[in-house]
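After this come two complexes, each holding chain A, first together with chain B and then together with chain C.
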Partner chain A sequence: MNPGVALAAVAVVSLATAAIGFYGLRISRTTGDFYVASRTVRPWWNASAIGGEYLSAASFLGVAGLILLSGTDALWFPVGYTAGYLMLLLFVAAPLRRSGAYTIPDFTEARLDSKAVRKVTSLVVVLVGWLYIVPQLHGAALTIRITTGLPSWAGSVAVVVVVCLTVVSGGMRSITFVQAFQYWLKLTALALPILFIIFYLAGTGTPALAPPAANPTGAAPTGLYQNVSLLVALLFGTLGLPHVLVRFYTNPDGQSARRTTLIVLGLLSVFYLFPTAYGLVGRVFAPGLARAGQADAMVLLLPGELVGGVAGDLLSALVVAGAFAAFLSTTSGLVVSLAGVISQDVLGGGVGGFRLAAVLSAVVPLGFAFMTDSLALAGSVGLVFAFTASTVCPVLLLGIWWRGLTDVGAIAGMATGGLLCGGAMIAGAVSGAANIPVWLAQPAAWTVPAAFAVMVLVSRATARRVPGTMPRVMTRLHTPERPLATER
Partner chain B sequence: MTRIRVTTPLTAPASGPGPESREAAQDSDVGQVFVRSLIRSQLRLALVVAGGFLVILAAFPLTLAAVPGLAESRLAGIPFGWLLLGAGIYPVIGLSAWLFVRSAARNEARYRDLAGDR
Partner chain C sequence: MPDSPLLTAAAVAVIALAIAVVVGVGLKVLRSFRDLGTDAERATYKTLHAASEAGQHLRRGLNPAGAAKASRQLRTLLGCEALAITDTTGVLAWDGAAEDLKPRLMELAAGVLAGGRTAVLPAGAGQAPAGQAPAGQAATGPDGTGSRLAAVIAPVRAGTRVVGVVAAFAPSAGAGLVRATGEVADWVAVQVELAELDASRSLLMEAEVRALRAQISPHFIYNSLNAIASFINTDPARARDLVVEFADFTRYSFRRHGDFTTLAEELRCIDRYLLLERARFGERVQVSLRVAPEVLSTVIPFLSLQPLVENAVRHGLEAKEGPGHITITADDAGAFAQVTIEDDGVGMDPAQLRAVLAGHADGDHVGLRNVDARLRQVYGNEHGLVIDTAPGEGTLITMRVPKSQPGHDA
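This part shows the complex of A and B:
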């Protein structure tokens, strides 16, 4: 495609993001503004922002690429990404909002009355955040290389610079507006081109090149274990993602946290129809894109491949803009939540500490991204979900629903899950994607139960350490706010 | 728009004083009984909805596997297997979520009546 058009698209999205960020600066002044937008964000805004933040490089590029490669097996990714929000709604949304905590470490410290738990949780959250930012930067590098021919690093650096500028200047308040804008941008940028392509194909009577059931690269179908393990990771990983959770503190109360999540589920369901459509159209009409070894770039290349000409260029530009919105929004969401954790636990809070922490949270993964190669985006994000599901998820679920959880149990469980899942990830990275057994490639099915089991057993063994504040905290988590505080 | 001033995070919000009525609810033994029963009913509700959803989710691929030819049969030119897994699951997710939000709010309303917390 035309590199000039692609560059212009990237520039427009980056400028729009920065502009909304600076507009937000004028109404963002207190420490509370910087952390959680003063908790006055309306459900629709908040839901759009959550959707904007959640739909990452994996959703925008990776899902369609994976569907192109492996067909209906890959449909479990969008289903799992969405159903993960259902689990979040069922088990976490309202109690977490009612806890009144800002970050996951705040929550675990308050619930278990322990500074040590706070430290371990902070470590895990920062690790998860960094691991999750890396694929975003890989996605940006891929997009820039494919569409403009510039070196890969330019894409990653551009994302980090724009994110640092917006977060440092405005904090969460402007981030909320930026994210909400980016959900709708991403939806438009994905929906318009594919609808155009479908009508174009129907109008010109383009013949199908392959049946939808044929894998273009001859990829073997995934087995039952892989699908189940993937679903475990996605269903239980979502509810522990730090950038998703921090959004719930911006709801005024528990009931509105639930309403917001309900809207988010609708927004996600609509969004994921489109990567699925790209995947299906790609398999049938452009299976050659998979054989080039760059299935992740399929969404970017499809308009040029199937439509071509000026129309193809314009549609490609729109897709590139949407892709950049995805990298920017997810990265900035993660940077905000990481900065919240790092500034409170390492730098002692305050707006200055928050800004420094934000820069730290973005620059470290940039180093990781330079050192590692891009795997399949949806797959590498799936592994981060497995890690979250094995560490943050057990401590949240048991902390919210089980009175018997102790600080020692929480630490032992998080350590077990983190070591097992982290070990599997490292073993997989070292031995290469081609020759690792499935139980190492998709570890969630055994690491998540292991983390839960250790957390429960160790808590039982140390039952005398259940904090005296527990009944009070449980009451706060589960009882509704006074009607005065709710709407209507 | 009213501006809510938020205190610094390190004051551990969850252990600080909250609205009086919520504190009052837990001070008495009876209050704790109500709280425990609320937690139990909310957990039961969440587990039932999650379980029901997972059963339906598992039923989708099982149906496709059990009925030969179903996955390849076409609806409006799109293979049925793709329609079911690529679009058909989302309404189930939405419906489960909607049912849960309604029932959870009802559980809370019942708690408010019992605890006289209004």
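This part shows the complex of A and C:
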């Protein structure tokens, strides 16, 4: 495709993101609008913002590529990503909003009355955030390389620079509006081209090149264990993502936190229709795109391949814009929440500290991204979810729903989950892709129960350490707020 | 998957961690080989170290968790077989052998608790009276160590009250052990008194917050009633509306529960306040507002913004000719919410303002000092008000509060 058009699309998205971040709040209001100005964010806006932040490179590029490669097995990814929100809705959203804690380390410290737990949780959260940013940067590198022919590093650096500049210069002050805008941009950028392609194919009567059930790469179908393990990772991993939880504090109370989550479920379900459609159309009409290592770029290449000409270029530009919105929104959301944790727990919390922490949270993953090579995006993000599910998720779930959790138990559980899951990742890397056993490739099915079990058993053994503040904290987590009418 | 980014990243992290652990352990080992001085110096160090360790555990007063940890340190300090700490009602901690004596300790210590004098019991005194239980049964443990230990029981005196005892058990109760046990008990008493001091200090802080809060409301009520009074003859309908607004305002500020509120509630309160002020100043007061929705649910001290706006109106605009403009912003700043209130009024002399905030000068800026003091008490010294001002240059007041306040109910 035409590199100029793609570059223009990237520039426009970056500028629009920065502009909304800067000027979204510049509209001053006079006293007459006091009520309007001091009205909280509507659940719809907030849900769009959560969707915008959540839908990352894996969702935008990875899912479609995986469907192209391995067919219906890959559908477990969108199912898991979306169903994770059901878990969030049922078990975490409202109590966490009521806790008054702003980050996950804040929550664990308040719940378990222990500085040590806070330190460990902060470490885990920062690690999860960094690991999650790396695939976003790989996605950006891939996109820039495929669409403009520039070297890979240009894409990663571009994302980091744009995110650092906007966050450091205070451009994320209206982060809710930025992220909400990104969701709708991503949806449009994915939906319009595929609808156009489908109508175009129907109109021109293009013949199918392969049956939908064909297996273009000859990959073996995944087994039951793999699918179960993946679902465990995605379902439980969503609960612990630092950037997703922070968004819930914009809700005024627990009830609107629940309503927001419900809308998010709807928005995600609608969104995931389109990567699926891309994967299917790719299978039937462009099986040539299913080359290993390049399947992730399928969404970017499909319009050019099937439509071509100026129309294909424009459609591709739209997709590139959406993809960049995905990298930017997820990365900036993660950077903002990581910077909060780092500046508070490492740098002592000041304005300058926040900026330094923001740069640190973006540049460290850039180093990781340079040292490593991009593989299947959906798979890498799946591993991050497995890590989160084995560390942050048990402490959140047990902290909210079990009175017996102790600080020692929480630390032991997080350490067990982190070591087992991290160890499995490393062991998998050392032994190589070909002879990696299934239980190492998808560790969540045993690391998550292990983390839970250790947490419960150690807490039982140290039952004397249940903090004295526990009954008050638990009451606060689970008592519905007073309705506003009686509070005035 | 040899090249997967995550795996390589994780490998790098693990290797870094391993290096850190090795370096840490190495330093520890090296340190243990250093020259640590003469035997006497080492003994002094050991004693003081054990005492300070135990002291940390007792800083929250006499409670089972702290006493259990402290008793371990104190037993090594005294070099006795067993050591127990009690309060006035029961045994808090028992460290060492002869647990069979534990059920009877309170009985043995009753005299000490009542009289406040150290008691020395010879070996065998801890045994159950012969008539109640024959030797070798429930009162004596399977090893029967309790029967051969003497006990020294010393009172822990906080002020004039006896709040517990320290009991040391050894094969023989020599004068050395008796004196040392007495000293340990006195030392425990000092720690308990320190803990009580801590508790009363935090009570004092709570009381001060309440007193400061009570100070604010009458100040405003007086001003508002004056403003409403001026309309009663000229515009009764408006006066009525204003009284209703005033009633709503007082319902908010007189509410009983909680020292905290949300930013949204406080802004609503400011809206009502400004309505009352505009009744008096007319179009002279212009207000613009820019609030990030993310921080609306941030918890802030109750009535902490309204006094600042009131200050802007009274000291910024009242003394000035022509219209005045007030800008209120609330921004999302990382882990904090930042609220600013700016007016283009007459400003203040920084030196005088400093004196007012320090409480040296009596000025009209009661509200400012009040809010500043409360913010410092609740969030710490670095969260006081930041005020940029000069005579004739207007005033900019900045307030930064952490978004995360799990301990504070709005």
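Criterion: the second predicted complex is superposed on the first by the 462 of 488 C-alpha atoms of A that agree within 3 Å, B and C clash if a C-alpha of one lies under 4 Å from a C-alpha of the other, contacts with A are read in each partner's own complex, and residues count from 1 in each chain.
By definition in this document, a residue touches a chain if its C-beta (ideal position, glycine included) is under 8 Å from a C-beta of that chain, and two chains touch if they have at least 3 such contacts.
The shown structure was predicted, so the numbers you read here are calculated from the model rather than taken from an experiment.
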item: Touching partner for A:Thr331 - first (chain B), second (chain C), both, neither; value: neither
item: First (chain B), second (chain C), both or neither touched by A:Ser99; value: both
item: Partner chain in contact with A:Thr276 - chain B first, chain C second, else both or neither; value: first
item: Partner chain(s) touched by A:Arg476 [first = chain B, second = chain C, both, neither]; value: both
item: Partner chain(s) touched by A:Gln344 [first = chain B, second = chain C, both, neither]; value: both
item: Contacts of A:Thr222 with chain B and chain C, given as first, second, both or neither; value: neither
item: First, second, both or neither for A:Arg464, with chain B first and chain C second; value: second
item: Touched partner set for A:Phe107, first chain B, second chain C, both or neither; value: both
item: Chain A positions touched by chain B in one structure and by chain C in the second; value: 30-31, 35, 38-40, 99-103, 106-107, 109-111, 340, 344, 349, 473, 476
item: Interfacial residue positions of chain C with respect to chain A in the complex; value: 1-14, 65, 248, 251-252, 255, 262, 264-265, 267-268, 270-271, 274, 278, 286-294, 296-297, 299, 327, 331-336, 402-410
item: Residues of chain B defined as touching chain A within the complex; value: 1-6, 8-10, 12-16, 18-19, 21-23, 25-26, 31-32, 35, 38-39, 42-43, 46, 49-50, 53, 57, 61, 71-72, 78-79, 81-82, 85-87, 89-91, 93-94, 96-98, 100-101, 104-105, 108, 111-112, 115, 117-118
item: Chain A to chain C touching residues, read off their complex; value: 25-31, 33-35, 37-41, 99-103, 106-107, 109-111, 127, 130-131, 134-135, 138, 170, 172-176, 249-253, 336, 339-340, 343-344, 349, 351, 354, 357, 368-369, 371-375, 379-380, 383-384, 422, 425-426, 428-430, 432-433, 436, 441, 464, 473, 476, 487-488
item: Interface residues, chain A side, partner chain B - complex; value: 30-32, 35-36, 38-40, 72, 75-76, 78-79, 82-83, 86-87, 89-91, 94, 99-103, 106-107, 109-111, 113, 212-213, 227, 231, 255, 258-259, 261-262, 265-266, 269, 272-273, 276, 280, 340, 344, 349, 401, 469, 471-483, 485
